[in-house]
């Protein structure tokens, strides 16, 4: 978690402002919605990201700091047991108070106080490094909540019988990409985990060696059109393709298609998007499928999901984003940094399910204190996703980033890419 | 359901305006809250009472009428199976759309259209009587929702960790009333049910004779102070006093006191009110107790709850409201119409649990069509409450009114009055 | 509860033996089954009826009595809070110990001890009357469990994929009775409740007057054939006929027909019986329908269920059992005691749902102590059934007997008889 | 899955007889118990292991074979979707039919038929190898159910309020072993998975290389005494030590100690065993702890659980069983085959939780057809346990065996051994 962005204050201000900009298109009525236990209301995200800076930066390090309102700790603590009791996660939609104006005022005051603290930091101050590291962590934390805010809002608005659009539709030119190809990737001893040179979370460390067999990886993500073929073949009604837990999930929820898909009444499919309900575009990567669905599709295809190690190894030197730029370390270039084979869209397109459980890397150590709850305590029952999605903040996407969700969850922007054994 | 208010249009406009006046003190953020399945968001009440007039008055009887928005039927139908599918009751809190401004605009347009329809009614029109009867029913329906709006709001705001006040506190002079006395009431063959001379619901009919034994009724409702004595005596921990279902309810919910009560840390009790958290006032009638609690208290007291027949009979000629006025038929007087013994506050203080199941009167006939669902289909598993409460619209309170809730429910303003057998 | 059977000891021995005789046709493997929370295993019934005599008769009144096994109180207490903690009702199927041989040995020892106590009773003994009254109560209690044992066994064996028969089929001659007729019954002030002259439960007292309007009652119960017409008319898919709770119950459980009915694949119906699966006999009374189904059928028929008062009044002088004998007071005769109109089979055919909630009679007093839990604490949420069924012990059936179940329950042998208002 | 035991028929008969021998000490009343959804009744295990041979060996390969009873497929299929519908897993305790005598007769007939089929096999028969492989699989399958039968029985009998013993107590000499030591284990590229030379399941294949860092492993399992120290230190009340899911599990179930432990009233602990309730023996390995508890204990200890790769690597050459013999390949020796450091009791003591998710080995291929459901479809949400326990059939224990359970489950005989990073 060492290196810091060159200008921490500027990045802090940028990220704080971007959170509020994400509210565009929403009504005040939308700010308190929680249509299912997994999602949080937009206003709660605004408050929680502020609570994070107040609790972990201002109160311990700003002389004389007092809470904006001592009761907000209960309201906006997410899951930090060490920080005391809190509003139950599934009941965040009950909150109308503090109201929007108060939360925004608290945001502004907190932002200002953090900037003041940063500006006043003396490099000789023994806490200076810790303060900067915590602000940096808070920035990344807020980036994560920006993505959550969008995916939660999509779930909340899809739950409206009126199915509103909340974004102005970007003009869409139907794209027709090249066919999927299998790209062979060498095995051997490869280094996994973050190498330094930018921020990373504790779960990306320590960097360590792993032995991989050679494998093949699909040159692009599974498309909505390919998924429709799986549906047409009765894929959701045939237990052969499914993990036992996945089959139970399909039956309990009467799952029949990716989330947000619905029949158009003429044999085709519609999909709810931030621009309203549209026909499914067959060349788009399929999105909002669960890990169970991804596994079943892979089995039906005679392929498999990659492991997170395979994915990370394959992405090295091939980290082309969806818009054609390439990632080298943590900077983006218009051309590939090395001449790897053409694997498209591994960064910033959809979160790609891997067949890896979310577990600690060998030698993993969580941070001390409450911040140690950030990642480590969730290391059971979840699967790793890699790559980032269309609504991930661009400066938040990197090859070593380990996202994680339960295999039944599909309100994130999650899809998949197939892999295959060689020989 | 025959006689109509003298000036239907005036009453319609008054009631519609009163609904909106009830929103005073609430924030826009509060308008969508549903903190438990039994309650509905304020905005939903605004829309539902509008949907009622649009669906049952305007669309069938106003030439050329079209729905304000055809999708609102799904959103705002409460439980009318004959009117088609609808938003699940427990998911009304998911609704942010239509937004507040749209709902208010719909209210205004609907109010105006109903007034226009009423004004244009020709007495020769074969539908005139039906239209007026339906408007009258819609008015009473909206009165019921006014009370619901207040009790639901209390539950919603009590669920806030910030426990906000939303009404300006009326200055409270501590009152110390006369002690409770037992008033003996004659038995015999008595007439039960509405006698005409004003609006009533179908469930108050037909008026019919019932044979009652003489009994004694308490001169006032059970007070908070008396309830505290029940608590001090371990009443919530002793199964002897409880119905079997009630005891299961106490244990499953770890119920320890009336709803909204909490310990003050020094042996006393606090209570959440629209004015915020206050000490319990011992002479106030206890309120927000379930039917199970009412039964247990009565058993502990060596008394019982009255039946609804006893209650209605006792209230005849003794219908003094909480503020000292008396009800005769459906008008209020400063002095008792007849010289009955002093039973205080039977109307408009708290809803009083009776020991009567909510069942049809002999010869009961529900209305035809969807409006037949108004009362009759709920005649199982509920108990009758009588008398009206502090937030019941004054012109909505009458001796024959049959309110009904499940015996575990206590978010209404419900209390109790004891009865006793003679001999 | 005063008068006692002429020879208490003989009746005691007869009833104890009859319980064990009911096990005929069952295997030891069947003795522990509890296929749903409402039913109890046969072995548990054997033990519980023994615990009742040990707890309420032997331990308090037999000098030097000690429990057969002190741990059995936990195992076999049903719901008596005053007697301490107990095996949860829904977990009775977990019990394999005490085993069958031990339970039978306990039964034998308890039976012998009670007989010894009764024989040694001196009329001068101040406890003599109490002992005899408790034995008499225990006998009636065991009669109730005999019926439960049969209806529970039917549920348990119907839950077997092998659908076994456990009774030798009595030869069945298809019967074709007279058509249903409406019998007019006078109203007026009638006495309700037990008049003395035999055992009754506390809930049948006190006898009191009730005012009834005249009504008509069907001369026989609704038949399976009539029910099939309701099914053919889509009765289970039309919310118009159903109480709101009933409609929710139908949808939640996907209820499509009476319990134990299944399609025969050719448009007809089969039914599981103690003799195995058989075609439904159209002239038999329909049985195993819930109160909700009974209400819906009555609504569809344009009729209603009788109240328990109407039923009891109508049965006076018309109490012909299913086999053609007649009940006068509590004795059976081959001819009607009075010349009432022909209402068939009101006693001992099926339990008939009434439209009365199970509530205390005016002036009701439960017994003191633990035995006061016998009836009174269940007086919420249940409906009254009258008449007794084919598996009710013949000496247990009487006109004033108030059986009660929740309106969704249908594993008892419950059916219905229609009523109608006159005028 | 290739090599077969030298004398397949003899092993088949031995294993079949051993299953029935495990019933010793149980009553017929115990045979149908299912006290929680995870366990199955003993009789069901008897039938299911028979169904396996009938379904996968006799019906496809014995000319003219017909099912013993065609309805048994529904009753005794466990989870094979390809074999059709079945009794729901959680409802196996509802089964009294087929009865015990019938199931035992079916067992005998099936055993005899399999022996006849094996004896008549001609090596030239193209199916011979498949038949033998399936019988070998059926034998291992029945070995697994032997262990399940014992652990399920323990749960079933512990659920009896009478807490019966069902095994004669072996005389216990209190043992006091050497203190736990840390044994350092080399890293490097190591081969994981079964090497041939005996039966293995598909999930132990393919053998493949893995890169391990050096680590330290505890010389023995965590003891009950060490666990008591964790309890004394408030380990179950401190969220610091727990995974988030584990903490939720502790709170939801009010978990306070290992399963089957209870307070002795004087500060010590008792434990339910097959010999009845006994004091906890501090030097015994702790058993019946969940994966969550194991993780929490490891965190509290400042250590961690080993991965399944580390465990398998460490056990090579150190596979001493609990009784002092050593495993080499799949044979047992009185002395260690190689001079590894002393790691005690890695085989046949308790199942040891590892920090590895149950996932396919690289290149894993499930068997074709219904038997492909044996292992692969459970590869989500479960953790791997290694080593075998005291009730695992001795010939069923091997270094590469991958057992798996959900991290909240603890009715198996599961404990843990700590590991530690070096450096």
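The chains carry the letters A, B, C and D, assigned in the order they are written, with residues numbered from 1 in each.
One rule holds for everything that comes next: a residue touches a chain if its C-beta (ideal position, glycine included) is under 8 Å from a C-beta of that chain, and two chains touch if they have at least 3 such contacts.
Note that this is a predicted model, so its numbers are computed, not measured.
Of all chains in the assembly, none touches chain A and also chain D. Chain centres here are means of the Cα atoms, and by that rule the chain farthest away from chain C is A. A straight line joining the Cα centres of chain A and chain B is 48 Å long. Centre-to-centre separation between chain B and chain C, using Cα means, comes to 38 Å. Separating the CA-averaged centres of chain A and chain C is a span of 60 Å.
Every pair of chains meeting the contact definition is listed here: A-B, A-D, B-C, C-D. Within the complex formed with chain D, the residues of chain C that make contact are 27-33, 35, 43, 71, 74-75, 87, 91, 93-100, 156-157, 159-162, 164.
Contact residues on chain A toward chain D in their complex (touch as defined above): 79, 81-82, 189, 208-211, 213, 239-240, 242-247, 291-292, 295, 307, 355-357, 359-360, 362-363, 373, 377-381, 407, 421.
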